[in-house]
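These are the structures in question, set out in turn.
Look for subunit A in each of the two complexes below; its partner is subunit B in the first and subunit C in the second.
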Partner chain A sequence: MSVLKRLSKSKYFNTVLWIVILIIVWEIGATVVAATKRSPENILPHLSGIIESVVSKDTINGSQTAVQMVLENAKATISRALVGFGIGTALGFVLALFMSRFKTVEKIAFPYLMIIQMIPILGMAPLIFAITQDISKSRIIIAAILTFYPVATNTLAGFKAVEKEKHELMISYAASKFQLYTKTMIPSCIPYFFTGLKISAPMAITASILVDTLQGGIGLGCLLSQALKGAMSRYVFWQIVFLSAFIGIFSFLLMGIIEYVLCPYKRKGNKQEE
Partner chain B sequence: MSEKALKRKKIDFNSVSSVLYPVLFGILIFILWECGVLNTVLKTDTNILPAPTRIAGIMSENSSKISENLSATMTVIIWGLIAGSFLGYMAAVFATRFPNFGKGALTVLSVFNAIPIVALAPVFNNWTKDVSSEASVRSTVAKILVVTVVCAASMSINAYRGLTELKPFSLDLMKSYAADNMTVFKKLRFHNSIPYIFTALKVSVPSSVITALVSEYFAEYRMGIGRQIRDNISIAQYSAGWAYIAVACLIGILMYIILIIFEGIFTKRHRK
Partner chain C sequence: MPLSVFLLKLKGMMKMADMQNSNVEIMLKDIGMVYKTNDGRDVTALTGVSLDIQKGEFISLLGPSGCGKTTLLRIIADLLQPTSGEISIAGESPRDARLSKKYGIVFQSPVLYDWRTVKKNIMLPLEIMHIPKAEREDRAMKMLDIVGLTEFANHYPNQLSGGMQQRVGIARALAIQPQILLMDEPFSALDEFTKEKLHEDLLRIWAKTNKTIIFVTHNIQEAVFLSSRICVLSPHPGRLSAVIDVDLPRPRTMDIKDTPEFTAYVAKVRNSFEGI
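Right, the complex of A and B next:
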């Protein structure tokens, strides 16, 4: 009994419990669907069926098995998302730096950063494609824009959150602007910077997959639309759904891990918050 | 920022320039765009990137078709937002009532937030096939469900914080009054959670707009602003595409402004 009680207080146990509940609900649903529908794999296949399709050795397009195909496309999608994510991060950080250094830049750019947040950039994907006429360029641009503004706004918030005392202490040391930034401002904005990255990493992935669907070729999005049209086994679709969910979640967690590795000084303080 | 500036009602150089600079910048971009300089920079013709006045003209020409699509998209956004926020709040209340078990649910729910919309939309399309024999109805339901999932996640996490991060000793005080759970919720937790509800909405309003637009791409029934953007561009009707994009941006901006106004009203009353 006491073991059960202790378990019920553990965070991980409860999370796992909920995942188990979800799996059970899914399987019940799949059983019902299998009994009533003609093609249950279109609506809700058994999880075992999806796993089976992952490990199956049957080729789908003559040369590749389902998993090989999905993974190959995933690699293309992720690598493009990464490029856009990298560019967006760099631009966002630099803009935040300029905004904190020069008041005029902040005054001009900040209202527009707020507006970008309100307008649906992903909805503009087809148009950016029309302007650039190049699918990979537009993918990178959209992923970059989506990464850019959370990074910029959060990093700027980080610069602003530096304690006044620290700032004044540095000035009393006669620190140059460069030293002020490298020694105090940038290190203390890092947690905020990572908050921005955590928001934008899944968005960059979503953007990359979405832009894929605009044109044929290689990428998870293309494969997704092909599988939806019934060009191949429906299980390819389910594999993509689960994989993209996994990539989205993983990209978020990965940013947390990178932050943990890069900012050892943050660990102690953070534990209390959690 | 702007609120504080209004309160002070002091028109010093600082507040003037913080309005003037961005406005001037906007006007500059507008002029460059209108005169075709942007086209030269981006190496596009005026067909793909039409001048703003032309886009406005097309918007007024097609106003009836635009408003039809607008109402379809707004239905999805509003219902999804309401349903998702309500469910998210209920999940947060549940997690507050049963801290250990419920916290696990919140963790799982927050993970849903990272699932790409692109993966959710087709799944919900499949699941709503039986809802109605009308393609338009079942597409709308599918789209609303996607928006619901997206909104529920952000609401549940923020509302949970609002319901649990109470002022020190306030809970102890309630206990010393022998207040039951319901009273604690009504008198303490709910009021404490109001600012957090708005924090959540500030995330979920823009994301519900974008989710609605993207799920329209995958919907069976061709309807809505997002679908029009895509379809018009795929048949090279770029000006019409721009008109719908302008509408989409206006939805996003207007909904955010309305939200800020509501926040002002509700949090002020809350403070009293």
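Right, the complex of A and C next:
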């Protein structure tokens, strides 16, 4: 009893509990599916089957094992997502900076930023493909557009959240506009900026994978749709599902880690008494 | 002319001369401030405030909310322009005084920079003034010594208690070596014990640094304990309704609050409010 109590207070208890529950539910489902369907791996294979396919040394296209193939494609997808994410982040930050510095820019740009978020960008992928004539570029552009909005709006919110008193302090120091931004505004908005990054990092990955499915070539999404169509082992599909979930979660965590490293003040809590 | 009359006249002339060769640091003449509300009505925040503040005085601007005390402080700090009247800071306009860094400002909240250590917070205004690094460090450590926080130089603000944070705010304001320290209800968010401690600290710092302090508060005891002069402001419209000299002995300690003189001053100040 006391062991259980102590466990339930542990930081990771919740996470472990969730994983255990998910595994149990998955396995029950897989058992049911295996008993009723003809090719259960198409619907819900046993986890053991997926793990087996991961460690298997059998080649699936003559030269690569399933894992090698998935990882090679993942590399292509991640690097495109990363480039798109980088471009979107840079543009989002710069636009937020301009919106905060010049009221007119905010008035003109901000209402229309919302529209980017409202239209289904992924649906526009064919259009962007038609314009760029290059599927790889289109994938990067879509990832960039999806990254752009959360970064721009969150960073702008960060700029706006700077207290009036900090502005007044800077006025009383006779600080230049440049100093106002480098010493006060930009450092203040970093936590907001990272909130934007945490939202957009998994989105860039998802977008990259989804736009992959649009055309052939190399990329997780391409492989995913091939595997779904039965061109290769279904287990490749399941590996991709797990790997993409992992990449998405990891990209989110990575942003948190970078923030943790860059903002040492956030981790020192214990207050002094009077 | 009889000698006594002559002497009286002479004394008067000397007083005039004394006023002119001016220990006057801040001169406010008929200051008025009228806001326009969103629906176009005029609201008078301040009207006809005239006041001379001497170098090295500790002045309290005391009044209930809505009396324009913070507005007056912000006008002196050149954060607001009055709609009427004249103001001069040792002969300069408030703008010139601000540009030559004559003001140190302390707000109700400490307004510290979370991402900077205590020492770096104090160094911030010095960085903006392009003061060399070695001198910045030196001055910051001196200021920390004055407010008694030397051992917390490398802590982050969120590791400090509210009272300590406010002391960092004071140190930062003093770091630029201003002539005038403007304080806008700096202790009103602190608990009573911390507040009393900081009162004594502030008087000690004032005596040591010889600044002119303008201290906005709504607390009568606080004003009496700290000030050399209390400017009582009354609302609707905001105006200067009384100026009371506080001739309690210095250095003042907490014990003074139990003396009948102190109580008498508190009563006198309280009775000077109009129309609340």
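FYI, the second predicted complex is superposed on the first by the 266 of 274 C-alpha atoms of A that agree within 3 Å, B and C clash if a C-alpha of one lies under 4 Å from a C-alpha of the other, contacts with A are read in each partner's own complex, and residues count from 1 in each chain.
To be clear about the criterion, a contact is a pair of C-beta atoms (placed from the backbone, for glycine too) under 8 Å apart; a residue touches a chain by one contact, two chains touch by 3 or more.
Worth saying up front: this structure is predicted, and the values here are computed from it rather than measured.
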| item | value |
| --- | --- |
| First, second, both or neither for A:Pro187, with subunit B first and subunit C second | second |
| Which superposed partner A:Leu224 touches (first subunit B, second subunit C, both, neither) | first |
| Which of subunit B and subunit C A:Lys166 touches, first, second, both or neither | second |
| Comparison of subunit B and subunit C by subunit A residues contacted | B |
| Partner chain(s) touched by A:Ser244 [first = subunit B, second = subunit C, both, neither] | first |
| Subunit B versus subunit C as contact partner of A:Ala152, first or second or both or neither | neither |
| Subunit B versus subunit C as contact partner of A:Cys263, first or second or both or neither | second |
| Set intersection of subunit A contacts, subunit C complex versus subunit B complex | none |
| Parts of subunit A lying in touch with subunit C, wherever the complex brings them together | 163, 165-166, 168-175, 179, 183-184, 187-188, 190, 263-266, 268-274 |
| Sites on subunit A touched by subunit B in the complex | 8-9, 11, 13-19, 22, 42-44, 104, 107-112, 115, 117-124, 126-127, 129-131, 202, 205-206, 209-210, 213-214, 221, 224, 228, 237, 240-241, 244-245, 247-249, 251-252 |
| In the complex with subunit A, residue positions of subunit C that touch it | 77-79, 98-99, 101, 103-105, 107, 109, 111, 113-117, 124-125, 127-129, 152, 155-164, 176, 191, 193-194, 197 |
| Sites on subunit B touched by subunit A in the complex | 17-18, 21-22, 25-26, 42, 44, 48-49, 100-101, 103-105, 107-108, 111, 113-119, 122-123, 126-127, 129, 206, 209-210, 213-214, 217-218, 225-226, 229-230, 233-234, 238, 241-242, 245, 248-249, 251-253, 255-256 |
